[in-house]
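Sharing a structure, written as structure tokens. Questions coming.
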Amino acid sequence: MNAIGRTTWVIADGYIPAWSNGPEPEMVSHETFSVLNAGEQEATVEVVIYYADREPVGPYRIQVAGRRVKHLRFNDLVDPEPVPLGRDYAAVLQSDVPVVVQHTRLDSRQSENAVFSTLAYPA
Amino acid sequence: MNAIGRTTWVIADGYIPAWSNGPEPEMVSHETFSVLNAGEQEATVEVVIYYADREPVGPYRIQVAGRRVKHLRFNDLVDPEPVPLGRDYAAVLQSDVPVVVQHTRLDSRQSENAVFSTLAYPA
Amino acid sequence: MNAIGRTTWVIADGYIPAWSNGPEPEMVSHETFSVLNAGEQEATVEVVIYYADREPVGPYRIQVAGRRVKHLRFNDLVDPEPVPLGRDYAAVLQSDVPVVVQHTRLDSRQSENAVFSTLAYPA
Amino acid sequence: MNAIGRTTWVIADGYIPAWSNGPEPEMVSHETFSVLNAGEQEATVEVVIYYADREPVGPYRIQVAGRRVKHLRFNDLVDPEPVPLGRDYAAVLQSDVPVVVQHTRLDSRQSENAVFSTLAYPA
């Protein structure tokens, strides 16, 4: 299997809902980026977070082994700093090998969860 | 970082639900277009709103600074006129520099919110 | 404004939920295809419905005036025959001028509605 | 009608919610891939499932007759092995003829269902 996808992906509507209902960890409001690395070579993905009113933050560095998928919560990014809850952001992902990225949010601010998912934009 | 994206984006299914449940401002039914301007130069985005039964309205003009994201509610567009609630529309966005646009709706007409998001169409 | 988009669009996951909760017409479970015709010339859109276990049905013919958007419910297609509820289908849309198509479903089978929307596939 | 689409499609955010509320089979939490084969020739689709922490599994083989659509639940894949519930995965689909693939999840872990759908990534 060869590598599939692109090396630059964009998520324009980033937002982690600030509160939650339901059992942890599944029902905690969260936002995910899923990275499939279908090729043989390990991928190093650099994520830069853009905000409305301050300079971009990053890169956050993530490794995805070859022939593996990683579903990552923006909530879990901590270095260089956590992504704040309840605040508008965007993300640009740059990988050194082709990958495919999908963007998903689970919103449990009301007692029943809502969820969406969409392809990220392949630049 | 160079500019990323396209200069023309289309949202075909525009609709702001006409009523809401839950606390303001998060849970007011709304429709959002998120614009990431990853480049250095400020973006001027012109939005034209298309309707089912009348001439298009616009352009609405929005500025997005370089290296910034803006999540805008169609509910908040006022000049030349507000976008009506509960009425079908579409939007064409034209930017003078490449940007990435995502389309999101939160529908709280019933007591628990529903939400979707999708890439806008890059023309 | 020139025409924007493509002339062939595909919706692979067609399904109209078979029951509903909440007030008509907004909360009736439905599936929509939204067609933006940003150009000057009227669009004639032919829709063919594909099924799992029988021959395709159509074309259904729809007119969308220039500079107008039409949000259509598959529930409302009647000629040559209605699209059945609770049954898997797909749709191929062919327009004589470029348009943009988005696919949306509102599912109110449980007491709070769920909703999704995604770009159709531009062939 | 000629074949429409691509021969390789990717779903990066695969996840079957591990529990459900509501009547079977509609309201069982599930994840679907819908394959439209608009052409005349039968499609053989090979699906490989990628995981976070083990080697990929597959191919699963599916036939979709010409001029037919198939909506398949990942829950129903059994050979060479079932796709586990509550575990991150991704899917790569390879068809011998062009098809269009859409990715949908119904999540009924809380008492009202949530649903999303998005185009798969056409490689």
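Letters A, B, C and D mark the chains as written, and numbering starts fresh at 1 in each.
Everything that follows uses one rule, which is that a contact is a pair of C-beta atoms (placed from the backbone, for glycine too) under 8 Å apart; a residue touches a chain by one contact, two chains touch by 3 or more.
Every value quoted in this text rests on a predicted model; they were computed, and no experiment measured them.
K.L.:
Would you mind checking which chain's C-alpha centre is most distant from the centre of chain D?
P.N.:
B
K.L.:
With contacts defined as at the top, give the pair, A-D or B-D, that has more of them.
P.N.:
Counting C-beta pairs in contact, A-D comes out ahead.
K.L.:
At the interface of chain B with chain C, does the proportion of residue numbers present on both copies reach over half, so same, or stay under half, so different?
P.N.:
Both copies touch with mostly different residues.
K.L.:
Please compute the C-alpha centroid of chain A, do the same for chain D, then give the distance between them in whole Å.
P.N.:
Chain centroid spacing, chain A to chain D, equals 21 Å.
K.L.:
CA centre of chain B versus CA centre of chain D: separation in Å?
P.N.:
30
K.L.:
At least two partner chains per residue is the criterion; list those residues in chain C.
P.N.:
In chain C, residues 111-112, 114-116, 118-119 touch at least two other chains, as defined above.
K.L.:
Which chain B residues qualify as touching chain D in the complex?
P.N.:
112, 114, 116, 118
K.L.:
Residues of chain D touching chain A in their complex?
P.N.:
8, 10-15, 17-18, 48, 50-53, 55-56, 86, 88-90, 92, 103, 105, 107, 109-112, 114-116, 118-121, 123
K.L.:
Once bound in the complex, which stretches of chain C touch chain B?
P.N.:
Residues 1, 4-5, 22, 26-27, 32, 34-36, 38, 67-71, 100-102, 104, 106, 108, 111-119, 122 of chain C touch chain B in their complex.
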